[in-house]
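Each of the two complexes below includes chain A, the first together with chain B, the second together with chain C.
Showing the complex of A and B:
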């Protein structure tokens, strides 16, 4: 392709001159590109607007917005953040979320990597069935299991040093187990698909060298699936941290609620300071955003992981 | 992520894949691997210590009462009062009170799993049908042996009584629903609180003539308009009809209910338009700013105005039918129940009895910057604002007190049938037959 404008010219002039100088195909591509960009920009704006709106209003005083309407401009303050942090006791609830999320993610990855390893590396008659069961469990809405799980957990006794209610209810154990159970299906599916892409020859040589099954799992497979584990860990941290439903059902003690449920602390019986709730929501969303931006590469990889090889 | 790392050499990507399998690993690295893998589980068991530390094995030991309250720490006076009451009881009786504070809405929405799971011994709840439902299902403890309680009169005892004639509830406070207005706005225009229907209509016409919308109105949240239905029904059909309608014993598509909706339809032009897009807080603001003359709401209207309420006054909704009068109103009562699944029944009952006393009310009111209106007549009123003094007077003078629709009737009926039905009516006020017959159909299936 030959350009009349020098390649070294400023990008803006290159863009301006390109449709004129290039063949029809490129011009069409460019027009298409513009249309696609505009559509994407509009969609992104539609998605981002509520978030940005909340962000803007979280910096404004309730009295000001109530008196002048939300379309006004002014009443800027940082106090919503300070007040949200102290009022909702986010320090405690962040700790709770952490105590649930970290073990649940570790447990999920550990257990599902073991299942996935067996499913991917050994051919039993039940392999497909087992994978099907894991997938089916993934499709089941958690709400459908609310009552059975609640009753089951109520009946399972725990010693008092593990749970001060004497049962699974009102303990972090319940949340860790429930989250692990519900996330295992997806992780197993992704990991087993990923493990199937590993060349079989490695395992043959490993076997020839006398590596046990455990060693094949731990020292051979695990290092090779590290990218998959990293991607899944990112996804799972966000999902489990964002989990709201089970926490409100299984935890009835205010000081044990994770941070997502504790956001409700900012609402009064009748009166709700919406600007304060906006500030609280931003605080709660921050860890997820940090995880997302820090591990963006894994996050995107995780979405397509295992999709190319069945 | 503190994912267990396999031994460093094997994890390095520089090692060729084919070499990985043949690479000899020492026994030590395998052990390390196993130990690290075990960490995932072991780490979880460390949690036990963290998970259980708040309660510290207190269990069901005598001398400890668990007290569940429906106000989260930090919401202000509502929580501070309850916390102060708990502290006062602990001091007076020597019983350890363990406080479990959950925010109001979460507490209310998960009350069923709460009571069937591991409830606290004593918990905050509402008088009326919703207490009665739990009594029927055996979820709360019969408190008839701690009644009568000094200073709580018969109407409170009535409100604490379930369908089986026994008491299951101890009231502590209440707040009335009435028509609120700005004193300054009324003074400026020379208006007075109306007592008769004619005065009322004349007042609203005068307001409209001066470009002020008579009633602020918002029903985006769903429940505020229930207050309007309640008061119209009580004014047009009387308290007894209202209560049996709420209990599911009257027809919703009968002439009485149609009359209520029809009257409401005629009053709607005096209300702010498009109420479904407005929260009660926004409606309250427009009353506060003087765009609207009056607002039918509970005393919590003060919260939305960001002021102390000195420029606010209220009157009870005037009579619409002189044969029925205007001596009934909504005044929801808050109080306490003892959970049947609570571990310390005796301790819970003893605390519940004390919670009904004047001392409990005083302990709460003295500790918070905004008092509630105590149910107990012996409680001190010295901390009350003018609004509260008047509230106590008005409620004391009322012959009949309802608890508000969502407390007087089946909770499912109130939220899944009445909220959408009233909103439907407000959207399309002319189809009264359609709305009432749809309510009746659903009421028949819920009340059986």
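Showing the complex of A and C:
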């Protein structure tokens, strides 16, 4: 019955770490539980360590750690944050990230909820094909489309009030559109599955009341799928904020980079001072960490909505 | 009022025939068409048309500056050149394969293992889960920076503790492994989360039945749980393959994918925004990526659609 997939090696190490007994008596169970708890606690600390290490050292003076080594204790300061913030111009890049992420997430959710609604509400013959077109696009490596997209955007002129670069290249519009196109597949999939769980009768009574398809979508379905929308919004905000590839290749004007890809340009300015790197990393991580801790439930729900059905 | 009372019954009787729609009024039909075509245009214009464009360009030579008619069509020459006279290509393939193997052997297996353990009611389970998937919310580019605190030659923790002088990100013999370790930090939590969600969906009675039959935990997992989790296993396989094929962010922030960190994704970018713009050549590399990924996309879609029809 066992499938020969590469993952099959997994539980052998579980046996090594937990006492091998299939009896499952109370005492043994407890001992096994303790062993598991200890291993989990150690691993969890190992996993937390990199971020904690960055956090601790972001508050330490460079001169102090240089003189005493990193394993010392002391030299506390706030100045790394001030310096990182001004040197890297984080204010500007955070604003850029915001200007790309918010419209892209809203557009993604709006467009994909429309497709999802049609897929869930009607059963046309092309439904599966349509879903496939969106889902497969989500999985293609972005590099595979880079050259045509890059060239296309360079050719598309934008009026000056939309972008001072004069074309789609080096404009936020490019990033908003590309991110939207890429993220729609996942959202469509999750939303249409969620919408299919709504009782079909609501549409029938809406139909009888003479509600148009648009009203059935906007006033009936959308309020009911709010939990799924919230979960997806949380996920998409972190994903688009974290997006690196498209921003790196489509934006070549340093002052237009969103914060994640701006990191790349900061390397040279930072590389001699690890404590500054730490402060910069914490600044960049902060928005997503706040979203994560505030909306943890949504975050997990978003990922699991997509995977359990898939 | 009377006819309103009757109506829902009729509707209920008709309900099972979800597929059979009465013809929609013209206005609604236009709405439906617009609701599908607008998003579809997005995906077609920004994903599928460029994908085909890459295929076409891969048969030409083009520096990208002139018009389309300045393209010199050369057939399969780009592919031949890639395989024979492009030094970074074979190392890149090798690195992507190492990436794939490593992700499977360590973080994926560990993630599944963690999921299986955390699936039990366990004190502090919440805390452990949070710890493991916190890195998942960070971008790989940022992770490259955070791990520099360990890897830096002069100020990194590792060299500090062991008194060594290794340049973990710079030495082409070891930097790939340093990068993989940092990737694993993020990947483990991702797999754990997906697998945990799958395990929650496994019918508890299956486990109980296995326990009654006297099957041990390990055997229960392999003989009962693992086969039931087949769709999730497929998703995990596809995710790992696609992630390792897409590998880009980390190597790009470190050294733009050179000197021991060549991966295909970075080679494509180098040919477009590097010193030399070789569109045809870069497109051929992109098409190679596309071909590999399309195999796994097909597997993924088949898994999803099978579930879809069943569900």
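The rule is short, and it goes like this: the second predicted complex is superposed on the first by the 263 of 310 C-alpha atoms of A that agree within 3 Å, B and C clash if a C-alpha of one lies under 4 Å from a C-alpha of the other, contacts with A are read in each partner's own complex, and residues count from 1 in each chain.
We adopt the following convention: a contact is a pair of C-beta atoms (placed from the backbone, for glycine too) under 8 Å apart; a residue touches a chain by one contact, two chains touch by 3 or more.
What you see is a predicted model; the values in this text were computed from it and never measured.
Asks: Does the chain A-based superposition show chain B and chain C clashing or fitting?
Replies: When both complexes are placed onto chain A, chain B and chain C end up clashing with one another.
Asks: Determine, under the contact definition given at the top, whether A:89 touches first (chain B), second (chain C), both, or neither.
Replies: Only chain B; A:89 stays clear of chain C.
Asks: Where does A:74 make contact in the superposed view: on chain B (first), on chain C (second), on both, or on neither?
Replies: neither
Asks: Between chain B (first) and chain C (second), which, if any, makes contact with A:220: first, second, both or neither?
Replies: A:220 contacts chain B only, not chain C.
Asks: Check the contacts made with chain A and report whether chain B or chain C touches more of its residues.
Replies: The partner making contact with more of chain A's residues is C.
Asks: Between chain B (first) and chain C (second), which does A:176 come into contact with in this model arrangement: first, second, both, or neither?
Replies: In the superposed model, A:176 contacts chain B only, not chain C.
Asks: May I ask you to decide whether A:162 touches chain B, chain C, both, or neither, giving the answer as first, second, both or neither?
Replies: In the superposed model, A:162 contacts chain B only, not chain C.
Asks: So, A:99: does it touch chain B (first), chain C (second), both, or neither?
Replies: First partner only.
Asks: Which of 2-10, 74-82 or 164-172 in chain C clashes with chain B after superposition?
Replies: 164-172
Asks: Which residues would you name on chain A as touching chain B in one complex and chain C in the other?
Replies: In the superposed arrangement, which is not itself an observed complex, chain A uses residues 66, 150, 201, 205, 214, 248-249, 252, 261, 264, 267 for both chain B and chain C.
Asks: Within the complex, which stretch of chain A touches chain B?
Replies: 62-63, 66-67, 86-89, 99, 102-103, 105-107, 109-110, 150, 154, 160-167, 169-173, 176, 199, 201-203, 205-206, 209, 211, 214-215, 218-220, 222-224, 226, 229-230, 233, 237, 248-249, 252-257, 261, 264-265, 267-272
Asks: Could you list, by residue number, the parts of chain A that touch chain C in their complex?
Replies: 1-3, 5-11, 13-15, 22, 24, 33, 36-37, 40-41, 43-45, 47-48, 50-51, 53-54, 57, 65-66, 69-71, 111-112, 114-115, 117-118, 122-123, 128, 130-137, 139-152, 177-178, 180-182, 184-185, 188-189, 193, 200-201, 204-205, 208, 212-214, 217, 238, 241-245, 248-249, 252, 260-261, 263-264, 267, 273-274, 277-278, 280-281, 284-285, 288-289, 291-292, 296, 299-300, 303-304, 307-310
Asks: For chain B, which residues count as touching chain A in their complex?
Replies: My answer: residues 1-4, 6-7, 10-11, 17-18, 20-22, 25, 29-30, 33-34, 37, 39-41, 43-44, 47-52, 54-59, 68, 70-76, 78, 100-106, 109-110, 113-114, 116-119, 280-282, 285, 289, 298, 300, 303-304, 306.
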